[in-house]
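So that you can tell them apart, the chains are marked A, B, C, D, E and F in the order they are listed, and the count of residues begins at 1 in each.
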Amino acid sequence: MRTSVYRKERFNAAHRLHNPLLSDAQNQEIFGKCNNPNYHGHNYEIVVKVTGDVVEQTGYVIDMKILHKILHEHIVEKFDHCNLNLDTEEFKNVNPTAENIARVCYEIIRPKIDASLDLKIYIYETERNYVEFPA
Amino acid sequence: MRTSVYRKERFNAAHRLHNPLLSDAQNQEIFGKCNNPNYHGHNYEIVVKVTGDVVEQTGYVIDMKILHKILHEHIVEKFDHCNLNLDTEEFKNVNPTAENIARVCYEIIRPKIDASLDLKIYIYETERNYVEFPA
Amino acid sequence: MRTSVYRKERFNAAHRLHNPLLSDAQNQEIFGKCNNPNYHGHNYEIVVKVTGDVVEQTGYVIDMKILHKILHEHIVEKFDHCNLNLDTEEFKNVNPTAENIARVCYEIIRPKIDASLDLKIYIYETERNYVEFPA
Amino acid sequence: MRTSVYRKERFNAAHRLHNPLLSDAQNQEIFGKCNNPNYHGHNYEIVVKVTGDVVEQTGYVIDMKILHKILHEHIVEKFDHCNLNLDTEEFKNVNPTAENIARVCYEIIRPKIDASLDLKIYIYETERNYVEFPA
Amino acid sequence: MRTSVYRKERFNAAHRLHNPLLSDAQNQEIFGKCNNPNYHGHNYEIVVKVTGDVVEQTGYVIDMKILHKILHEHIVEKFDHCNLNLDTEEFKNVNPTAENIARVCYEIIRPKIDASLDLKIYIYETERNYVEFPA
Amino acid sequence: MRTSVYRKERFNAAHRLHNPLLSDAQNQEIFGKCNNPNYHGHNYEIVVKVTGDVVEQTGYVIDMKILHKILHEHIVEKFDHCNLNLDTEEFKNVNPTAENIARVCYEIIRPKIDASLDLKIYIYETERNYVEFPA
């Protein structure tokens, strides 16, 4: 039977929900106050779930220190204290909804984790709104 | 790959665990202090998980504002500051255990969410006791 | 310099806010849905703060095991899974607002703690509403 | 003896720490990544503490529903989903540090609370960084 | 459709990560500061998830009081305020990583829960690191 | 009016409560399972509260980055993943109760904070037991 390990990190960022293919009125109707052209922000939490066999020598699925390092280098340093829409390549043409942030983080982290291990990402935008990818 | 979104709401309610088909002694034995005829209460939390494809135009699985509205109208306004046993149709003949509250909330919300989306309900009775339906 | 120690316990109870000296309409106007005659309920948290000198022999202000025992015997066993209005002497003639619950708990616990120690009570009715007595 | 009541609300906002009287290099040195010209953001929590006598008729220091209404109208609706630097009068010429946000909120709320009651504001910028005004 | 119930308990313990088949240098390299020969410790949380059909007579999947009793007798009394490496049979020859603690707890609890019910264990070592078994 | 800022950090450590001037029986009677000669452990949280005037140029009472650095260098690096009784100078002859840990942390940090600022330390041993020094 396989085991899952979870690791949580945080980053604080500004963002704006906006689809450039829609009119301003449509954007306002769909995204409401999240469409504010001057941005708003969140204390995001990312939880990474890695599933695999426990390695007998270590008693680990994956070393948490390595998982922490991957997350720090490739997620926290990239997104923390940023404006997701303006400061990142990833969200230049991608609407930074929690759903899309989770998928983008998955695509960043997936190649850095051994292919024998399954990966899932949780993004907490607030303590009341969060997402999971893949479902 | 599909994505899940979660939304949390709260309601504070009184309840009593009791099965009218059992004797008072049996009810007392099974439900203990939860059988108190004068009721006790909880700060309930409900988390709704909705799973589906991300809509390209919005970057959403489902608009959280709509999910919030459904939960407010059909769960919070119905159950908040109520006595579940006395004030609600739903628990007049259903024992308001966390398990049954989760199933009842599922049956209320399921028809209000598009059939292409999967639905799961979590009910937190306390931070130590919570349930998930369907498993 | 003195030191404070804090200990948290929990109890789940039903209650109703109501002043029998007021009319039903006045009660409804003042207490709103908290006036529901069928009660509602909460997961209450009580935090007790005890301030004094650290005893050299133990390194304690007060033994947490003793504080836990006092709280369990005189607060949790009395109020947990109760209807505060119906099942307790303390709130038969006292409106069980968080403010009054804090004062009542203070009056119960104060004589059980050495007079050289200061005492303060916090009652959390929800994570958003809480009180402190004495201020 | 007086009693304190606490009420918590939330708002999500973007901000940037910057003093226009300093050079860009000085701003960068003092505020680091918080000086990002494109802003970052937080899930802010505000806790308001009101201290006074318990009113005998109600058992309240102040009606939480009224406190909630004041906070919603004058803090949450003003700051939620805003850019504090760009979208608000309050921080046009005030650096939006947590310290200054707490003082500004105090100045907004103080005239709306009866003068016989004491007022204190807590601002949580993250779960690790928070402030209290007045101390 | 089946329902899951969750129950959380806590225990505080010391431990050290170490594989006696490896050299001291290898242990230090793999486990870092977790290899401290003098031990360190954690406030562990265990969450047990039990999945099955809701029993019509009770409205329960399993009585939480029974689940609490099993956890208290067989997990909390065994591990609380212990040194996992020195004071327990279970970890005399098993490296007490969170992954192995979860599996050991599963093996202890599995025979005590009816075979018709599914069982899953979560171990929280810190709020940032936790595991799930079986995945 | 002055302002307070709070900063939280964490460290995980083993400890044992024991007074060498008392007999083993007395130690067992006073400290119970906390006296386990093989140690147990906790996820400690330290919150530092610094009170002073807001500096006009920065909008800060004290720069949180500096406060974080002081805490990391002098508390977290010293105590994290340690056995407080065996691995530290501070608790070689001091019983590591939460009360004494708070005082020791105060004595470490006090000289590193400007004398015009007031300092208070909170130590959370568990979410149910915590202390404050000075009171």
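As a working rule, a contact is a pair of C-beta atoms (placed from the backbone, for glycine too) under 8 Å apart; a residue touches a chain by one contact, two chains touch by 3 or more.
Note that the structure is a prediction, hence the values are computed from the model and not measured.
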Target chain D, source chain C, minimum contact steps: 1
Chain F and chain E - chains in contact with each: none
Identity of the chain that, by mean CA position, is farthest from chain A: C
Interface residue overlap between copies chain B and chain E, same or different (over half shared): different
Equivalent interface to C-D, taken from B-E, A-D or E-F so that over half of the residue contact pairs match: B-E
Chain A and chain B, separation of their C-alpha mean positions in angstrom: 28
Cα-centroid distance, chain B relative to chain D, in whole angstrom: 34
Distance between chain centroids, defined by C-alpha means - chain B, chain F (Å): 41
Multi-partner residues of chain D (each touching 2 or more other chains): 127
Pairwise chain contacts, counting only pairs that touch as defined: A-B, A-D, A-E, B-C, B-E, C-D, C-F, D-F, E-F
Sites on chain A touched by chain B in the complex: 17, 19, 21-22, 30-32, 94-100, 102-103, 127-135
Chain C-touching residues of chain B, taken from the complex the two chains share: 10, 12-15, 33-34, 36, 38-43, 80-83, 86-87, 126-127
Complex contact set, residues of chain B against chain A: 1-9, 49, 51, 54, 57-61, 63-65, 118
